[in-house]
Amino acid sequence: MHNLGAEMHHLCRELFPICRSITGNGFRESLSILGKHLPNLMTKEVPTGTKCFDWEVPKEWNITDAYIINPKGEKICDFQQLNLHVMGYSSPVDQVISLEALQQHLYSLPEQPDAVPYITSYYKERWGFCISQIERDKLVPGDYRVFIDSELKNGSLTYGELIIPGESQKEIFISSYLCHPSMANNELSGPIVATFIAKWLAGLKKRKYTYRIVIIPETIGSITYLSRNYKEMKKNIVAGFNLTCIGDERSYSYLPSRLGNTLADKSVLHVLSNLHPDFVTHSYLTRGSDERQYCSPGIDLPVCSIMRTKYGSYPEYHTSLDDLNLVTEKGLFGGYDVVQRTIKCLEHNEILRSTTLCEPQLGKRGLYPTVSTKSSGSEVRDMMNYLAYTDGKLSNLEIADKINTPLWALQETIDKLKSEGILELSEG
Amino acid sequence: MHNLGAEMHHLCRELFPICRSITGNGFRESLSILGKHLPNLMTKEVPTGTKCFDWEVPKEWNITDAYIINPKGEKICDFQQLNLHVMGYSSPVDQVISLEALQQHLYSLPEQPDAVPYITSYYKERWGFCISQIERDKLVPGDYRVFIDSELKNGSLTYGELIIPGESQKEIFISSYLCHPSMANNELSGPIVATFIAKWLAGLKKRKYTYRIVIIPETIGSITYLSRNYKEMKKNIVAGFNLTCIGDERSYSYLPSRLGNTLADKSVLHVLSNLHPDFVTHSYLTRGSDERQYCSPGIDLPVCSIMRTKYGSYPEYHTSLDDLNLVTEKGLFGGYDVVQRTIKCLEHNEILRSTTLCEPQLGKRGLYPTVSTKSSGSEVRDMMNYLAYTDGKLSNLEIADKINTPLWALQETIDKLKSEGILELSEG
Amino acid sequence: MHNLGAEMHHLCRELFPICRSITGNGFRESLSILGKHLPNLMTKEVPTGTKCFDWEVPKEWNITDAYIINPKGEKICDFQQLNLHVMGYSSPVDQVISLEALQQHLYSLPEQPDAVPYITSYYKERWGFCISQIERDKLVPGDYRVFIDSELKNGSLTYGELIIPGESQKEIFISSYLCHPSMANNELSGPIVATFIAKWLAGLKKRKYTYRIVIIPETIGSITYLSRNYKEMKKNIVAGFNLTCIGDERSYSYLPSRLGNTLADKSVLHVLSNLHPDFVTHSYLTRGSDERQYCSPGIDLPVCSIMRTKYGSYPEYHTSLDDLNLVTEKGLFGGYDVVQRTIKCLEHNEILRSTTLCEPQLGKRGLYPTVSTKSSGSEVRDMMNYLAYTDGKLSNLEIADKINTPLWALQETIDKLKSEGILELSEG
C-alpha cells in the first residue's frame, strides 16, 4: 500500500500547480501527465460551438498571467503564486480603477477569512479576483491596476478516454473530472485514483468486462461525452462509478444512482458495508457531480459515486485550503482500495448452481470435519450458507449479502467448490 | 381566511338547532339551507322500502315535540330545549309511568355526568330519553308523564347530490353526512366544509376533473347512494374523500382507504405531511364512517377520510358537549385548507417529461445563477431535483414526495419550465 | 393438557435409555415403540450403499457393550450406565494402552466439566470415548483396557413413514428425527410431539389435507427420504414443519424456510405471535437440522422449524445434561399445542367472499346491537373488520393477520356468517 499511496500522492503534487479549467491548455497538460501512466489514453478534442443536447461546447479559455497592483505599488492576488486568485473564465482586463469599483470584482469568504475561494463564470463573460477576507480587509482607498492576460476564443474542449478490452463487450464505466485548478481533493484525487485503477486493470492477464474510463471536465464534459456515446453506453454499461473527493482520510461515502439498487450501487454497498461499516450514504437529492448527467432521465445509466468526504461537506471544499495536506497517501490508497475491491466483486460476480440436490457430501471430498462436535457446525457455516443459496438465480454478490460475508472472504471456497464440480455456471 | 372561517361558522350556527335524523324533515330543511350556497345541489328522495343491496330504506321519522313531566309537574328532557333529549327514531308515546319503569327508557353517561348522550335506534322500534347523569340522579319516585309526538311512516330517504363538470369525465368524489341532530363537529363540520369546497370549485374558471359531491345520511345513505351509482362511480372516480369531524382545533388526522396507497391516500398524505407533520394516521381497523361502504369488498373505491380530531377519540363525541364552542372558525378553516390543497394537488398532478437528454442549460434561459459559488448549488436545488425525476413516468405528486418538497412550492417552477419548453406532457 | 403432557413425558422416559444412531437396532426399537401409538406407521429399510443424490446409505452400526478398565481395575465410561460414553459409530476395539495413547481417543468439555459430550464419527472409521472433564482429570498414568463391542456392517437405514389421508391430495408434512442416543430435548421431544400430533390427526372425523409424517435419522435420513419421494412431495406439500427441541419450558422459537413467507411460515408466525408473542425468530443462516435438505436449492419445500429452545442455544445441548429434567410435561404440551393450532389454522384457512356489496345488514339477523351507543361500535369490531376483507382474495389466515386477531378467536364468527349465507367459498 505504501508504494501505491506514495505514487499517487507524488502524481498529485505534480499536477497540483497547473491552472486547469473546463477547457484550455491546463487541462491538456494535466491529461498528458496522466497519459505517461496510461499509454493508451486517447485525447479527444471537441470544437467550440459543437451542439451537445441542450448545450454547446463553450469557447476555450487560456490564461498566462494576472495580478492587481495596489496603491502602494505592491503586487497582490498574483496568479503566479496561486491560480485560484483569478475567477475561472475571467475575460482579459488591464485597467486602473478605484477600490470601490474593484470591490465589485472581488470574491472572498467572511466566514473563512484565511481561505481564497474558488469561483468561476463559465457562461457569462466577466472578470474577477478571489482573495482571502484577511487580505481584502487590508485594502485601502486608492487606484488599483487590475491585469488579467487571458483569452477566450474558439478552440475546443478536451477529454481523455481509455478503453481496456475484456472478454465481454459489457462494460464497467469509470468517470472522473480534471477541470479544477489548484485543489487536491476536489479535484485531483478522482482522476489520480482513476488513473491508477486503469493501470492495474490494464496489467491484468484477463478481464471479464471491458472498461471505459474517461477523464473529462465536469458537467459540460459529461454532457459532451454522453452526446457522442450514450447509445453505446446504454447498451453496454453494467455498472459505472463517478470518482470524486476520494483522497482525504476523514470518511468513506457513497451517493447512489438515481435508479437506485443497480449493480453499481449493490457492489459499492457490499464493499463499503463490509470494509468500512461507518461509511456515509448520501441522498441522491444532494448530488452535485457528473451523476447529474449519467443518471438523468432518458440517460439512466447505472452510475453511482464513490467518495471519501463528499464535496460540499468539508470546510476546505472549493477553497485554497483543499490542498496537498488534506489529501494524503493513506487517503488516496483507501479510495483506491474501495474502487479496486468493487471491481473485483463485479469480476467475480457469477451466478452459480449446485450440481446436486440436497447438500453435497463434503466430508468425502475433505471439505467437512468428520467428527461432529458441538463446534464443528460453525466452522463450516459460511460454506454451507453460501451453498444454501446457489440455486442458479442469485449472483455471488447477492448471496454474499444474504449471508453477511464479504465476497472476497468467500472466493477461495467458491473456487474450491467449482473445481470439485459441486457448482456450475448457471445459464442465467 | 377569517372571512371563510367566519362564514362557515355562521352556517354551522344556522344549522345547529335543527333536529336531523337519517330521514325526515330536519334533514330536508338542513339540505335546503346548504342549497342556498349551492344553487345546483339536487335533492333526491328514495322511497321507504326501496331495496339497497342487503338493506332497505327505513320508514321516515319526524318529530314535533317531546318531554317528560316529573312528579312536581316540571317539564324535563325538553326536546324544544335540546333535541338530543329524544332517542333518535323514538316511536310516539304518551303515558304516565313510575320512575322504575321510566329508568328502562333513560340513557345517560355516568363517566360524563354533565353530558346528554346521543342515542338512536334506527332498526328496532322503541322509545327513549337521553339525560345527563346529574339530572338523572335528581329524579325522585313518583309518576312521570312521558310524551313523544313523533311519527314513523312510509316516506323517503333524502340526500343531496351536486355534479360539477370538468374537462375530464374522471371524477373527484366528496362525501359527508348530515344525519346528526344538534352536534357540531360530528356532524355539521363535514357538510359545511364540503359545501364551501363545492362553492370554491363551482367558481373556478376551469377544472381538470368532474366533481361528485354528496350530502347523505350516514351508512344507509352511502349504501343507498352506492346501490344506485356504484358502477358509474367505479368507472370514473380517481380519488374520493369522506369529510367528517373536521371543525375543531385539536389535531389533523387521516384514515386510509381499505386498499391503501390509492391516489386519494397519496394526495392527502402529501398535504398533511408537508403542512401538518404532526397529523395522526388512524388504522383502517378503527374506521367508523362511510368509508365502511365506499371501501367494502367489491365496491373498492379509492376513498379515505380527512378529519381534524377523529370521531370516538375526543371526549365530547356523541354528546351534547360537541357544540359550537368545540367547532371554531379557525378549526373549520384549517379543515377547509387541507381539503382545498389536496384537490389542488390532484388538479396539478400531471406526468411531465424532460424534452432534452441530460440536464437542460438553465443559465441561458436565466433560470440558473451564472457565477458558480459555494452556495449557488443549494439555491436551485429544488428545481434541479424536480427535473431529475421528470422521466415521463412519475407524476408531479410522486416527484414532490421523492424530493421532500410540497407540490405547491414547486408549482411556479413547474409552470416556468413548461413555458420554456423544457417539460412536456407525457403520454403515459 | 395434564394428561397429554404426562403421556408424552411417559413415552420420553420409555425411549430415553435406548442407544440410537443413524442406523441400527436402537433406531428400530425406538420406532417400534412409537408404532404402538401409531398402528399405521410403516417401517422402511434402505440398504447400505444405496445412492441418495450425492450421498450413499452408510454401513449399519450396532453396539452391545463398551467400557474402559482403569489401572486400578475399575470400570469407567461404562456404556451400560450411559450410552453417550461411546462415540457414535465407534469401530470395535479391545486393547490395553497407555494413558497417553488413550487421551487421543477421549472427548470432554473443559467448560462444562460435569457433562459427558455427545460425539459421533459417521463418515470416518475411528473409535472414542466421551467422558466428563472431572472424571478425565482423575485419570492416572498406567495401562487402560479399552473395550468396544460394536459392529459396522452392510445393513440398512431405517425410517418411519405415516400417511394419513384427507379430502385433498395436497399435503401437510411433518418431519422429526430419532437418531440421537440418551438425550431428551434434542432429540426425543420432536418425534414424541410428532407421534401425538399424528395420533390426534388420525382420530379426526375429517381432514382437509393429507398428512405425511416421517421419523427419520437426521441429515442422511432426510436426504434418503427426499431422494425417493421429492417429486411427489414438491407436487403435493403446501406446508411442512420440522419438529425439534420442542420439549423444554424456556422459550418458543421458529426458524423460517429458505424461501421465507411460505404458507408454513405464515401459519407458524400467526400462532406464535398471537399465543407466545415473546417467541424467538432465528435466522435461516443459523439452521442446523433437516430444513437444510428440505429447503435446499432445487428441493425448495415450504418447510420451517417449530421449536421451543433451539439446538445449540441452550447449555445442555449435545451433552448428558439434556435429560428428563430439561424436558417436562408442560414443555412437551406447549410444543404440541403450537403445532396443533398451526395445523388447525391451515385446516380452516379458506378463502371466503362476501355475498353482498356494502356491509351486510347484520341487525336484521340478530348479529348487531340495535341501539347505537358510544361503545356498541367496539363490540362488533372484530366481526366488521373480518368482513371488511372478505373480498375473495385474502385467506382467513391473511385476514386474521391483517386485523390482529387470532384465527381461532374468529372461527365461531366465521362459521355463523357462513351459515347465514353472508359468506361463500371463493373459487380462488
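Chains: A, B and C, in written order; residue numbering restarts at 1 for each.
Assume contacts are C-beta pairs under 8 Å (C-beta built on N, C-alpha and C of every residue); 3 or more make two chains touch, one makes a residue touch a chain.
The structure presented is a predicted model; accordingly, all values stated were derived computationally and were not measured.
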What is the size of the turn, to the nearest 5°, that moves the C-alpha atoms of chain A onto the matching ones in chain C? 120
Give a one-word verdict, same or different, on whether chain A and chain B use largely identical residue numbers at their interface, taking over half shared as same. different
Between chain A and chain B, tell me the centre distance in angstrom, where each centre is the average of that chain's C-alpha atoms. 55
Residue numbers in chain C touching two or more further chains are none
Would you mind writing out the residues of chain B in touch with chain C in their complex? 52-55, 107, 109, 117, 119-124, 126, 219, 222-223, 226-227, 230, 258, 284-285, 287-288, 292-293, 295-300, 312, 317-318
In their complex, what parts of chain C are in touch with chain B? 353-354, 356-361, 363-364, 370-374, 377, 381, 384-385, 388-392, 403-404
